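So, here's a batch of structures to check.
In the two complexes below, chain A is the common chain; its partner is chain B in one and chain C in the other.
Presenting the complex of A and B:
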């Protein structure tokens, strides 16, 4: 290296053809870090002209230039390798960070699942022992819906307790009305949640996979059957006036008629969907006319779920119109406790004959 | 629009539907359960179907089908009919048009 430097000094002084600029840069680099980390693409051409111009100076310079050419290539390659290695290290780091955050999320989800399992809430359809295999839908939005539903149930249970203690104490009608409105809105909130979830996975919602197995047994289009509840629960909120009994009876009758109509519509839709599946090539990702029809059918299915929920909502609202505020409160209490007992029914069966813990 | 209004007044109870619509089918079943024989117009089978659909939406129907007219007046779609039925109002509105069997 030192000999080269001295050679550069001498050639600089000649001044016939002046590629000194390039040489000076080389020299500076040699002095500063002892290697070439900058590759000058023009070097090759300059060297050629140098050869021509400096021919008279003899082979010694030419030899140096040849040696430098080789070193250039090597150094170029080394630089590229370093760059590639650096990029690869960065990629690896990013990938590891991503894996870490996924792992944390996984732990969180598994924790939540364990918690809900301990609470005795049976996750519908989940025969898998694999924690992530629940509910048949690995979709994150459905997972979110399931978790939000668990919170909904907790809130529901809290509201029922609150209402129970309120009714046993001496609170004003206005305060009762507040509680009643809270509970009604809570039910309406669930219908909204279901509507949104149906847009993601309509079958998940309509088969009630998010409910306990005992609830699934009594399922009608993704939820409870309003006329059945009226039939069973209205007698429990006696005493009622003659007019109220009459109105409740008519409500039950209208409900049943509406349910029958929707059920028949559903049957027709099921038939149409079966035809669509049978006739078409439902190849994922491939557009066929049948795929269009399938989407249409599933949209119709979602609209049936919405109609069924609308019926449930109307039933609750009509009852609140037929009854006084205190009677409505008792009605909601009876309803809420019914759902609690129904949810617990699976546990009752599972725990039969077992020794107390 | 005129076609829609004209057809809507032709009979006491008129429903605009689409042949593939199952909710329309359900609403029709409900009316029959209540002793009504509504006049059904399938707008997807009608050459002017698209205009009729627009007209129904402009009249304020929440969904183009099913669109239910009672006595020439637009009552609404499935949601409205269900609400009317549960409140007991639907049977009242249908009384003049119920078939005596």
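Presenting the complex of A and C:
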């Protein structure tokens, strides 16, 4: 930069009345300020010399100076543009972030409203934010889980519709198998989602707060009870062979045995958790010092959710082994429709009071 | 201990999952031996059990050994129970007579 400036200076020299004098000044300037901050002061000198030299200089030098002036103006404008673009990008980013957090907040509020309605509680003004946890988890990860679950339900309903129309049309067994695997994997995906959410808030998951009230009524360790479903739904997928009916009956029995074992384990855990909470000392409103034990219990609770889901998963898989592919499709259809009706029942009941008489 | 029993369950003291394993097996008519492990002995016991198992698998509590071999945890018990294989396996190991 310095070298080009000095060259510039020497070019300018020609147009100045007292070249030697000007040159000496510039030279001193360069000597005293060896850095790029020189650029600014240089400009002042340059402008002065431009004015002075306008009438005297040859065209080529005038053009040179004007070209340089243009470049400077252009460069200034480009820099300003860059700055403006950068600011606008930052503004846009901030705006989007704001929108995202508002959206999350909206879902949270909707969820709390839902829970409040479900539990028949009134949360008015004057309550602090701690009490909001009472009506539903205000945790943002749980809100995300609830949102993802809503999407899961929509996808489930779509899959059921697709399977329904596929079964009534003439499609191959391979295509049915594809749809069946899709639905099975969709259930397994929900179990994964629940497992992750249980690590954040196990009580939320295990009490089924994310489900409709009717589903909550039939809840067993954070989900459906496999033996009950088998008992009610298997008759709906007749005709079955004698062997299949026998296998399905045995599956129902095995489920009940597994459920009983898990339930008994849960009871024991509940007792231990109660003891931990009761034994903890309350010092100035804070809960100490048995927090570690309590956390251990809650982690065990989360593993119960996982085991219950594992049982549900194994049951679904065993059914697919007992049945032919088309029967499995019918089974999943019946299962999906059952859940849909249960959810709708909740909404119908909740809305009946709002309908005009 | 492992070789002496047709079926034995190793579990942490007061573990609720081992309670589940126990109740499930009892429900099938099996009376499993249960060995509770204190927290301080855990690491040593795990290492010993992994040595006995000798197939590179990690031992997690509750751990079930059937017929002297590492069978697995509650996951495997559940899976084989639902698929109907567990009863047969237990009978073969002599843990169940009926």
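Just so it is clear, the second predicted complex is superposed on the first by the 206 of 357 C-alpha atoms of A that agree within 3 Å, B and C clash if a C-alpha of one lies under 4 Å from a C-alpha of the other, contacts with A are read in each partner's own complex, and residues count from 1 in each chain.
Here is the rule we use: contacts are C-beta pairs under 8 Å (C-beta built on N, C-alpha and C of every residue); 3 or more make two chains touch, one makes a residue touch a chain.
Computed from a prediction, not measured in an experiment: that's the story for all the values here.
Asks: Put chain B and chain C onto chain A via the superposition and say whether they clash or fit.
Replies: clash
Asks: Figure out whether A:161 sits in contact with chain B (first) or chain C (second), or with both, or with neither.
Replies: Touch partners of A:161: none, neither chain B nor chain C.
Asks: Have a look at where A:350 lands relative to chain B and chain C in the superposition and call it first, second, both or neither.
Replies: So A:350 meets neither chain B nor chain C here.
Asks: Touching A:315 in the superposition: chain B (first), chain C (second), both, neither?
Replies: Both partners, chain B and chain C.
Asks: Touch check for A:257: first (chain B), second (chain C), both, or neither?
Replies: In the superposed model, A:257 contacts both chain B and chain C.
Asks: Both chain B and chain C contact which residues of chain A?
Replies: On chain A, the residues that contact chain B in one structure and chain C in the other are 247, 250-251, 254-255, 257-258, 260-262, 264-266, 268-269, 272, 300, 303-304, 307, 310-311, 314-315, 318, 321.
Asks: Can you name the residues of chain B that touch chain A in the complex?
Replies: Touching chain A from chain B are residues 20-23, 25-27, 29-30, 33-34, 78-79, 82-83, 85-88, 90-91.
Asks: Residues of chain A touching chain C in their complex?
Replies: 247, 250-251, 254-255, 257-258, 260-262, 264-266, 268-269, 272, 300, 303-304, 307, 310-311, 314-315, 318, 321
Asks: Which chain A residues qualify as touching chain B in the complex?
Replies: 247, 250-251, 254-255, 257-258, 260-262, 264-266, 268-269, 272, 296, 300, 303-304, 307, 310-311, 314-315, 318, 321
Asks: Under the stated contact criterion, what part of chain C meets chain A in this complex?
Replies: 14-17, 19-21, 23-24, 27-28, 74-75, 78-79, 81-84
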